[in-house]
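Some structures to go through are shown next.
In the two complexes below, chain A is the common chain; its partner is chain B in one and chain C in the other.
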Partner chain A sequence: MKRLTIIAAVAAAFAATGAYAQSGPIKIGVVTPLTGTYAGIGQQVKWGIEMAVKEINDKGGILGRKVETIYEDEEANPNVAVQKAEKLFQVSKVDFLTGTVNSGSTLAVGQVAERNARLAATTVSFSDAITGDKCSPNMFRVNAKAGMQSAALAEWMVKEKPNASVYYLGPDYEMGRSTVAAFKAAAEAKGAKSVGEVYAPLDNKDYSPFFGQIRAARPQVLYTSVAGNDTVRFLSQLSEFGLAKQMQIVGAAGSVTAQNMGAIGKAAEGYVTGAAYSGEIDTPANKKFVADFKAAWKADPDLYGVDSYGVMYFYKAAAEKAGTTDTDKLRTAMRGLEWQTPQGKKTMRAGDHQAIQDMYAVKVVNGKFQIISKVPGEAAVGADTCTKF
Partner chain B sequence: MNELIETLQFVYAPQVVNGLAIGVAVILMALGLTIIFGLLDVINMAHGEFYALGAYLGITLVAKGVSFWVCLALVPVVMAGIGYATERMLIQRVFHTKDRHILTLLLTFGLAIIAEDVFKLAYGPNPYKPDSPIPGASELLGVILPNYRLFLIAAGTAIIVAVWIVVYRTSLGAMVRAAAFDRHMASSLGVPVERVYAGTFAFGVALAGLSGVLLAPIYSVFPTMGKDFILMAFSVVIVGGMGSIKGAVIAGLVLTQIQSISSLYISPVWSDPLVFGIMVLFLMVRPQGLAGRLGHG
Partner chain C sequence: MAEAAILRNAVEATERIARGGRNLLAGIFVAIALAFAVFAGMTGDTFFFRLATEALIFAGLALSVDLLLGYTGLLSLGQALFFGFGAYVSGLVLKNVAPSFWAAIGITLAATLLVGTIAGIISIRARGVYFALITFGLAQVAFKVVFNTREIGGSDGIIGIPQIRAEFGLFSVDTQSPAGFFLLTLAFMMLLYAGCAYLVQTPAGRLLVAIRTNESRVPFLGYSPWRAKLFAFVAAAVVAALSGSLYPMLRGLVSPELLAFQISGNAVIMVVIGGVGTLAGAFYGSAILTMLKSVIGTFTEYHLIVIGALFMLSVIFFPKGLAGYALPRLERWVARRRGRA
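Our next item is the complex of A and B:
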């Protein structure tokens, strides 16, 4: 009898190790800028993901498996992002990749994901091309694209200043040019007049050489899509030269965020943007998220933090719907998936892998984003232009 | 005719005056670099990080309640101490070897990488923007200029003139130039060459720190800020002639004006390649630069 017990115990132990080897942790690779001008954005990405992973693991993980994250610094440089993504897929064998900030990085990493037959999602990149003409069957976007932000902002602008003359200043790379193009199209369609545009290099230190052109064009509205520390310099130099008072400054959602608002200070007051998120969204889910985020990191979440938090729940919902982490089954589950985030319910459009969500026009008042109008997701998202799958 | 005057007044004049403020900033950075190179024959790759350190020291002191104006005097003194220690403890160790150029370049490059990460650990990756100590803007002949930039142009010019006087019109400067011209001869005539070397390095570092404090209210403070001016400053040093103060001033003014005016006509992204193109041309046609080396004329 005793011998039988031992045999049973040994068999049980073997069975247990066998089961363990089959499950193992689900590995999530995060390629995000941890250094350079976009390091502040990478910080929010990391905070959002870490917080979601901890919550998910505390509740038993995904499909009974723990979630593990591996970080790599992409330096906001597509070449570096490709190397790091390749390394995560090949060496670390990650199941899923996220975190890319630079739109160029996201486009490049989408191709890396295709070659490695794994899925990836961006939580930050704005460029319309990612879920438009350069869409990838292996790349998803859980955040709002430039077009959606522009639609919400343009909607507000034409109500506030009908037939406004608009000047555009963007950073000279994929994101800058596409955000300006998207807003320009949305604004012109609603009757605004474009009076000029200029593209400054990324990490530009002094914007005053462009102020002559801006002043000469006499715009009523100035649109910008510079981000990170570039916005700190641009907006404070605008107010330094007394230009900020002469026009309404509006811009992309990523230009003024919780990360750089402190440094911009008074020069950010009155800035209006179209956004997918505001800490002020008055729902129990968002209030809990903001409180937990502050408790964990001693900082306010911004749109990058909330979307990076949300992508983990997107992955969880898809894996649970598919019942597996197999790439093809997971992709099918992600298409058309509805999931809950602090911003409310989001839907992943099957045709182009773009998340649909409600949008807001928000204004900086006393250093906080106040919601001044809301645009429903279906109205903001625009047509599906992806033809690759 | 009226149109021409208007264009000059509202398009070119602001561009030229703006370029002047940027030029002064670049020259301040290039001065320290060129003096260290001219005398020690060391290419200080960490110059930008000393500039960042000055800016961080400045915002730390201001946060502790020290006034900005006191910081302007205090930070260069602290930075000079740090520079002196760096030269004696690190640079001297590899200075007397055969591969001096490569070793000092690698050493200072390593210092730059370490410093950048230390800034990030100590202050976090997010930028700081000190309030402008002189807010507001003035109008001169229809050109609007922030008061602080006017102050920068004035203060920068004063600093450049002061540096020139120290190097060319004082006995201290004569020792420095003598040591740069022939260190063995200077040494045998009683010039304390070792201390002159460390002192000069400290002087260059103090200038970088001072620029950091001066420029922080315009350009903000963040871990990678050292990279901002360093390429432009190197171009100025190369075009102006390594070690020449006069050359650095002329090259600094000309190159920033070229950038400023050209950005009216070509995409600003091309203004950097334009400046570096001029630098490459100089290296090919006139490698000694506009003016000769420190101590050589």
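Our next item is the complex of A and C:
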């Protein structure tokens, strides 16, 4: 039935060119990967948004209008994402777009939003470029960027181990090298000493050849940005060789996750990373969110679920502040907007459309991420480098 | 002597009819496309115009696959290499050198002649399944290199490729005008089609068919299969790259996924649905697959399963593809008309 109304809307929309409705339901387009490698993230995005939309509609919607969502599978492919985004803007006439996961898709969709004079937000992509040198006046980011995770971790590290000597081991491809470079810059700015770096091939089976170099450099801290099963092998072997005891192991947010923590087992204990969210955040708002999420979907919310939940409240707050869904007025309202999420208060920085939020350093204790320190958002977010608007 | 002349006339008559059927099929496609343009233009649509333009662009890629598969008997599983190459060259030229349609097309053409020749020399050493594997491997290598090269955008690709006006002396076409760019792409693709259709009826084209039929016998006729295959490979690379060069003009971006196997695989599926060895079938295959992906994707997240099932059904019930099914009927019609005239 819902599809039929969409088709009817298409027919009606042919007549009215350009004009977007200011009555009837507010339509939110969600372009997210529902198939393929990133389908798991797309699932969290969908759960978070659905839950927020239900809550908002139960309380009367936004500006007295119900909220409606339309999903499109972007297959984590920018070429598919632009086509689907265009369909949502042109055919379904959505008021707002969100959901993209990989940064290529987010950048591409931002450009589509610009050319269609609509707004979009990402809740997942953490590439610094999205709100940095490739920022777009029509794209907002409500989640923390990679630089903020590095900053939170670096902040904790220098407090715990001042002037620490750090060794870096990353996966040998573009993203692996850029995460290492980002953390290295953040750590050195705070006085850490770099004593070496090495890159292992993706899907590497044996990390022992690298251990000699690491041992010789005698680092106090070892930073890694390998991911998935590579982390399982790396940390397990590090622990078997007895090196894990000699240094503090820290890493990127995606290195040790709920997915591979079971396989790493005891070797993950003590691992520290920078994070924008933990289910353990001890506030009434977060406790209620986690309980509701579990009740609704029989699964724990992760970072992507909570940020996708939050983006709907971001849109609601902006639309209510602007009193309209008109693109230009909405953009003005979004700039500098403060809104509440389960992670606490967030502020949308006007200069680069990056949300500022408190960041955490979390440590693996008994197979769970425990919050060990908190870094205020202002300290973590870094300078505004966007020059496009 | 007289017998040879009769035989020759009979063969030529059959070929004329086959050519007539093929061109009629392409003509029908153009008619459908123009009817669509009139309808979409009247309703003031943007999305379907641009989706149809994308279908035409991918039809050009499928056309290049058919040139190799249908006429030379070479299955390329890496044709996206040249499509993506064309898209990247065109995108980089438009963004960094000059926002000019002709500069983008010209530089893409020149660069592809070079890259296509090198890739061709590597690929055509092998036959059959080994050729397919080498093309697949080359495309995967190119994909990984582009994916990891930060200077050309790495995994994020390149965004912000400017919108341009294509100048044609008397008039110009804005690439962001949905109807204008659709018609430009249609004309461009028909030129590529005409080029391929002309090519396969030249002596060089006949040699390709001879290679497909029995490569070992070709040297006994005094021809070098190696040279002919290289020629076909480079021609197909040029067709694919020129099609790809229109992609950034339409979407304003390129990304490494344009070189991925998904694109090569889709092109083969388009050719199989449309009809192998028909050239015009590539256009029908692309139109059908692009529309199906867009429509079914909106209805269900299991769109890949639905499209896979439809593909299997079409292979079972239309083993020669849509054009392969329609062509004999069209040819009979052409023959009857010729007979009357």
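Details
By definition in this document, the second predicted complex is superposed on the first by the 263 of 389 C-alpha atoms of A that agree within 3 Å, B and C clash if a C-alpha of one lies under 4 Å from a C-alpha of the other, contacts with A are read in each partner's own complex, and residues count from 1 in each chain.
Going forward, contacts are C-beta pairs under 8 Å (C-beta built on N, C-alpha and C of every residue); 3 or more make two chains touch, one makes a residue touch a chain.
These numbers come from a predicted model, not from an experiment.
Once the two complexes are overlaid on the shared chain, A:S308 sits clear of chain B and of chain C alike. Contact with chain C, but none with chain B, is seen for A:S127 once the two complexes are overlaid on the shared chain. Applying the stated contact rule after C-alpha superposition, one finds that A:Q343 touches neither chain B nor chain C.
In the overlay built on the shared chain, the residue A:R233 is in contact with chain B alone; chain C does not reach it. Shared-chain residue A:P201: touches chain B; no touch with chain C. When the two complexes are overlaid on their common chain A, residue A:G242 makes contact with chain B while staying clear of chain C.
Looking at the shared chain after the overlay, A:S255 reaches neither chain B nor chain C. Once chain A of one complex is fitted onto chain A of the other, the partner contacts of A:A263 are limited to chain B, with no touch recorded for chain C. Within the superposed three-chain model, A:A216 lies in touch with chain B and out of touch with chain C [touch as defined at top]. In the superposition on the C-alpha atoms of chain A, the part of chain A touched by chain B in one complex and by chain C in the other spans residues 34-35. Residue ranges of chain B in contact with chain A, taken from their complex: 10-11, 14-15, 18-19, 21-22, 116, 120, 124-129, 131-132, 137, 144-146, 148-149, 218-220, 222-224, 227-229, 259-260, 263-264, 267-269, 272. Chain contact summary for the complex, chain C toward chain A: residues 43-47, 50-51, 54, 147-150, 154-157, 159-160, 176, 251-253, 255-258, 260, 262, 294, 297-299, 301, 303-304. Against chain C, in their complex, chain A makes its touches with residues 3, 6, 14-15, 17, 34-35, 71-73, 77-79, 82-84, 86-87, 89-91, 102-104, 107-108, 110-111, 115, 127, 129, 134, 173-175, 178. Note for the complex: chain A touches chain B at residues 34-37, 39-40, 42-43, 172, 198-201, 203-206, 208-213, 215-216, 228-229, 232-233, 236-237, 240-242, 259-260, 262-265.
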